[in-house]
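Shared between the two complexes below is chain A, which has chain B as its partner in the first and chain C in the second.
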Partner chain A sequence: MGTALIALLIAVPLAVVVATLFDSPSEAWREVVGYGVLGSYVKGTMIMLLGTGLLAAAFGIGAAWVVTVWEFPGRKFFSLALMFPMAIPTYVAAYAYDFAKHELRDPMMLWVRENFGAGAMMDANIVFNHALAISVLALVLYPYVYIAARIGFAEISGAYIENSRLLGRSLWRSLFSVGLPLARPAIIGGLLLVLLEVMNEYGAMLHYGIETLTIGIFNQWYDWEDTDSAIRLAGVAMLVVFAIIIAEMLMRGRSRFHAHHGLRRNLAEKPKTVLGTSMASGFCFILFFFAFLLPVWKLLELALHGVEKVEVGELMRPVLGSLSMALLAGLVILVAALFLAYAARIFPGVTMRLLSKMCMLGYALPGAVVVIAMLSAAAFISGAVAADSLTTILFTATPIGLVMAYAVRFMTPALAPLEAGMTNIRRSMDEASRILGRSSWGSFFRIHLPLLSLPLLGALIVLFVDILKELPLTLVLSPPNVETLATRTFGLMHKEERLAEGSLPALILVLSGCVGVIILHRLIRRSRQS
Partner chain B sequence: MNALFRMPFIASLLAITGCFLLPKAGIANEVTVYSHRHYEADDALYAKFTKQTGIKVNIVKASADALLERIKAEGKNSPADVLITADAGRLVRARNAGVLQPATSTKLAAQVPQNMRDADNHWHAFTVRARVLIYSKARVKPSELVSYEDLAKARWKGRIVARSSTNIYNQSLLASIVAEAGMEKATVWATAVRANMARSPEGSDRDQIRAVAAGIADVAIANTYYVGLLANSPNPKDREVASKIGVFFPNQNGRGAHINISGGGVVKSAPNRNNAIRLLEFLTGPEAQGGFPETTYEYPLDISGTQSELLKSWGEFKADKLSLQTLGEKNADAVKIFARARWK
Partner chain C sequence: MSDSLVIEGISKSFPRSARPALDGVSVVLGDADIMALVGESGSGKTTLLRIIAGLEQPDTGTVAIGGELVCSEGYSVPPEQRHIGFVFQDYALFPHLSVRKNLLYGLHRITHRDEREERVAEIVTLAGLDGLEKRFPHELSGGQQQRVALARALAPRPSFILLDEPFSNLDPMRKDTLRDELRRIVKSSKTSALIVTHDTRDALAVADTLAVLKEGKLQQVGSPERVYFHSTSEYTASLFGKVNRIPCQLLEGKDAPQGAPDILVRPADLEITHEVTGGGHIVGKVIATNFRGDFHEVTLECADGGAGSAEPTRVTIYVGANRKPALGDTVTVRRSRRGEG
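Moving on, here comes the complex of A and B:
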């Protein structure tokens, strides 16, 4: 029953979106479709998905392979450090790389114009912007693929790669014929996350002038003041997301590759030549440099040179805002996820599993879609129930609406590790507890909860970092006088162009992300040892 | 963590954060401002207001559109007292959406000229800005520049930059052209100017000015106060940019340069109506008006009365007398035309 309620929370906004699609389209929508605007949104989205996906996959798989299979100086450091770029929010990376526009691009454009004319410069500019956006996003998002690939190589294909090597195949051939195919499901899972992040991206796309569906949704909503066409665009975005998810499921196929518990294979071996060693270290260093060191250095540079004095009091406000929102929402979501995970355990069956999957849907939807859907749903409900503005006051003037939106969006990072943790607890424990006279919920608090402490902590960390970085939802739904580090950074950097002042909250965000990554890394290591 | 301790710990965390975030109802003497203006100088101004009147100012900063949607969604129970935007069009939109209320006082009536406020006092302006042509001093002589309409001519091919059509300043400029020449001619104009651009619209007004300084283009369309912000920026690169460009007021032989305003209105369901009016009186009063040209480089309501060196260096100009109301009314047309012209 409770599960159904939570699933309802997510289903209602989606239902509103679907329902609007059945109404006759507004005039603005006809303008959007008729004048090819929809086409350019879809084209822009596809280019970004394809480009970022390919590049992130290359970086992630490459890095994971090098770190898994070769022993070289700095290997231990890089195996952790290559995850750090995940701590940099995408819109922060976009601003950190701003210098590339003025120092790299403009001279290039002038050169193009001199040699090829103004028309060529116009095209070259578009190509450069897209290339820069794809590169920046790929550099910051590849860790999703990296982590997935490492799990794949180490846990799944480890034994097979070893065998392949023993049989005399070179490392390269082992990678392509054995390592990759077996790690494929994991890698594709990581790639899925990258693509979903690209769909969700707002700040970076805005900055580089790339037209995507998410940008279009905000344009239609704000510029045209047309909720109808905004919702339709959200529908198109949802279709793309579903297509990606289905593609992922198909590509994963029915493969169920089992992790090899027991001896963790250390496949690493020293390359035969000094050239080999330096190439391995070099590759890792270059990736780490461009993905993490350079953007952080640029932010530090902005902060050190630009900020006259640090207004600690002013800075504390978004810090407190971020902390309280992340804690509040994080705890609410965790409690809900615990409830869902345990309920699924007590009442096994198809309906429960379906409902669980529904709750995870929110993660796949871009933040813009969630915002629109929830606001439309709220307006609809208050209209239907004639509660006038009661629902909306609770919704926008207090953090309740924002927490609900976070819950819709971030249920998956909470639920997935908890569900996994649950399945590791043997059913015999449940039965033993019942025999001893405890109720279901008594068992939960005494047995399951303590056993879940590691996944719980892991889920809390991931949730925390995700909520801290979140931008589009928070921009629209945050209550008065509440600012988060994300909105403060975006406001200062995008609206006011005060890049120096904006670098301070940005650096705090990156720092907290790094701390999260380190803790998560330790947790995963500890869970493997147990 | 021990399960026994977890519950109380969680409960107290929730309680603390809850206290932080729940709306503080019924605290005496405050005014809640939903503002699209985003200047540090404004915060200083509000602080002065609080010191003088004892009224606390709560600010929600977001884009005007987001603020409007929010007030509409919040309805009768919205905590907003004042809506401040950086454009007349958005104020007209807010008025038409029914979220503002008539509010005036003898001070407001005296301090704000009639063409700088809504006919029924739903909103009042407090600063003015002109949307002008920024040109490269090295490659363009001011005598070559004439009007906005002239930018459609072939000799400007590949030499213009402007920001995206999603920006309200561009929309209001186009609205004024629609009011002058009608939708068809305005569409032809927008399409021609877009074709004359050196690159696809990207970035802010300041980025357009930087592009002119860098040689990417020769002319940019931008608001006057950005020149002030660049000229007085702590960043030496910005100051260098400002030194390379000049300010030209178009259409001086015709209707005059396009102006827009930043202003505010009292929200319909404002819980602190009187405080809201006092804030507007303060913003349109002599202290604030004297400060704007020095802090945000905007023109005061009395354009030619300013004593600021920088603003005076740009010269006197004839401003378009078009009613600001029209900017709002023609906004939807402007958005449509931009989409058809594929301005982006």
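Moving on, here comes the complex of A and C:
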């Protein structure tokens, strides 16, 4: 019952979006389609998906390969450090790489104009912006692929690679013939996350002036006040997301056999030559430099410039706003996820599985789609019951609407580890507790809750960092009196171009992200040891 | 005094399964009795255990615990109110609780703290867990874990305890000792027990009564000696060890039964003899001998006694290490004294 309610929270807004898709098109939508606006949104989205996907896959698989295969000085450091870039929010990375515009683009464009004329420069400018956006996004998103590929190489196919070597194949040939095929499903799973992040991206796309569906949704909604087209664009974005998910499922195919993880194996060998050693460390260092050191250094530089303009009291407001929203929403989501996971355990069945999958769907949806869906659903319900105040209560007077939106979007990072944790608790535990005279809720508090402490902590950290970083939902749905680090960073750096002042909240975001990554890394190591 | 457990006519089918998991099973577990429920995997023994515990519902049939009906059509007492003990195959010790807390877990109905502690102390002594109270399950050996699981089940003084394959996770080297230990603990707690096992050697050693289950149907109930030496079916006989099926026409001598088709006889019931007078005996040629430690397992091929049977009959006997016949020898075999009766 409660599960159905939570699922409903996600289903109703989506239903509104889907229902609008089937309405007869409005005049404005005809224009959006007719003037090629829709086409350019779709084209921009596709270019970004393809480019970022390919580049992130290359970085991620490459880094995982090097760290798995070679024993070189700094390997241990890099195997953790190469995850750090995911602590940098994409839009923050975009602002940090702002210098590339002046130091790289402007001279290049001048050269193009002198040699090929102004028209060519316009084209070259667009190409450059796309290329820069793709590179920056790939640099901070590749860790999803990297982590998946590392698990794929060392845990899933580790034993098979060892076997293949015993059968007389070299490590490299074994990795190609056994490691890559076996790790493929995991790698594709990591890639899926990258693509979903690209679909979700708002701040960075805006910064580089790239027209994607997410940008389009906000454009139509705010700039043109064309609600109908915005909802329809959200529908198109949903279709793209579903296409990506289906493609992922098809590519995984029947190769679900990887699901049980083996022991982690250390496959690394010392490279035979000094050249090999320096290439391995060189690759890792260059990737780490561009993905983490350089942007963080640029932010620090900016922050040092702007530090005298910042008042501590002024900074405390977004810090407190972020902290309270992340904690509030994190706890609400965690409780809901715990409830869902335990309900699925005591009432196993197709319905419950379907409902919990439904609750996970929100994670795949771009924030812009969730925003539009929730706002139009609230408006729809308000209209139906003639209570104008619903929208006000949810989104203006209180942060209830924002928490709900976070719940829609971030149920998966909470639910997935809890469900996995639940399956690790053997059924006989529940039964033993029942036979020893405890009710099912009594068993939950005495057995399941304490045994889930590690996944709970892990989920809380992921939620905390995710909510801290989240931009589009927070930007639109937060009540006027709530400001977070994300909205402050965006407001200063994008809207007012006050990069120096904005870099301080940005740095706090990066720092908390890093702490999150380190704690998670420890947690995973600990859970592996026990 | 009423019996600990009476189950009558229990049947249970699972969806997508051709035959019922249990088919009209009735068993009575006497007071302070240890009964072993024996069967191959898939025979329905674990399902029966789970039905008794209330973890599954039967399609038909009733379960009564201590004279009180706990399960009949449309009526079922939940597991936490049945007041029974259960030792799981994987022991199901709560990993986040120490041994002492695991033992305390089922004692929440005792309101006085002192009484609870007293009971824990009692059960710790009974199960030989002294000094282990503060340990966590993963810090215990397999045998110690089993004793904790047993002690935890016994602590609330249940009407009886159920044990699901309690010996399957034990080190084979120490299994015999641990098995005897388990019997001692259960016996001295004066609780009756129903043990499910697929290992007939464990069943023979630990139980007062055996119940044999095959494909959901009860085959035979009786004392271990009775079931072993007087099996009512070839299935039961072969379940408990090697058994020879000898066509009666092969038997020679004046007492050889006439007219009956086959007799079943265990290798241990046959011995090499030199007198060919008296009871029925068989003559065969030694075709294989295998050293089994305490004895040799000798396989004989017997001459085709009658016309018509295509395959020659093979008979297995056990002989002492120093009396091994040579390959190709022809020997005469008759039933030993013990086997008669």
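By our rule, the second predicted complex is superposed on the first by the 508 of 530 C-alpha atoms of A that agree within 3 Å, B and C clash if a C-alpha of one lies under 4 Å from a C-alpha of the other, contacts with A are read in each partner's own complex, and residues count from 1 in each chain.
Throughout what follows, contacts are C-beta pairs under 8 Å (C-beta built on N, C-alpha and C of every residue); 3 or more make two chains touch, one makes a residue touch a chain.
Being a predicted model, the structure only gives us computed values, none of them experimental.
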*Touching A:S433 in the superposition: chain B (first), chain C (second), both, neither?*
second
*asked:* Comparing chain B against chain C, which has contacts with more of the residues in chain A?
replied: B
*Can A:P450 be said to touch chain B (first), chain C (second), both, or neither?*
both
*In the superposed arrangement, does A:T351 touch chain B (first), chain C (second), both or neither?*
neither
*Answer with first, second, both or neither: which of chain B and chain C does A:L110 touch in the superposed model?*
first
_Shared contact residues on chain A, chain B side and chain C side combined as an intersection?_
446, 450
*asked:* Which residues of chain C touch chain A once you look at their complex with the stated criterion?
replied: 53, 55, 78-86, 88-90, 92, 94-96, 105-106, 108-109, 152, 156
*Which positions of chain A touch chain C when the two form their complex?*
426, 428-429, 431-439, 446-447, 450-451
*Spell out the residues on chain B that touch chain A in their complex, using ranges where they run on.*
1, 3, 6, 10, 13-14, 16-18, 20-23, 32, 34, 38-40, 58-63, 65-66, 69-70, 73-79, 93, 157-158, 164, 166, 171, 197-204, 206, 210-211, 214-216, 234-235, 332, 335-336, 339-340, 342, 344
*In the complex, chain A residues that touch chain B*: 31-32, 35-37, 102, 106, 109-110, 113, 118-119, 121-122, 125-126, 129, 208-209, 211, 219, 221-225, 306, 308, 320, 324-325, 327-328, 331, 375, 378-379, 388-390, 392-393, 395-399, 445-446, 449-450, 453, 475-476, 479-482, 491, 495-498, 500
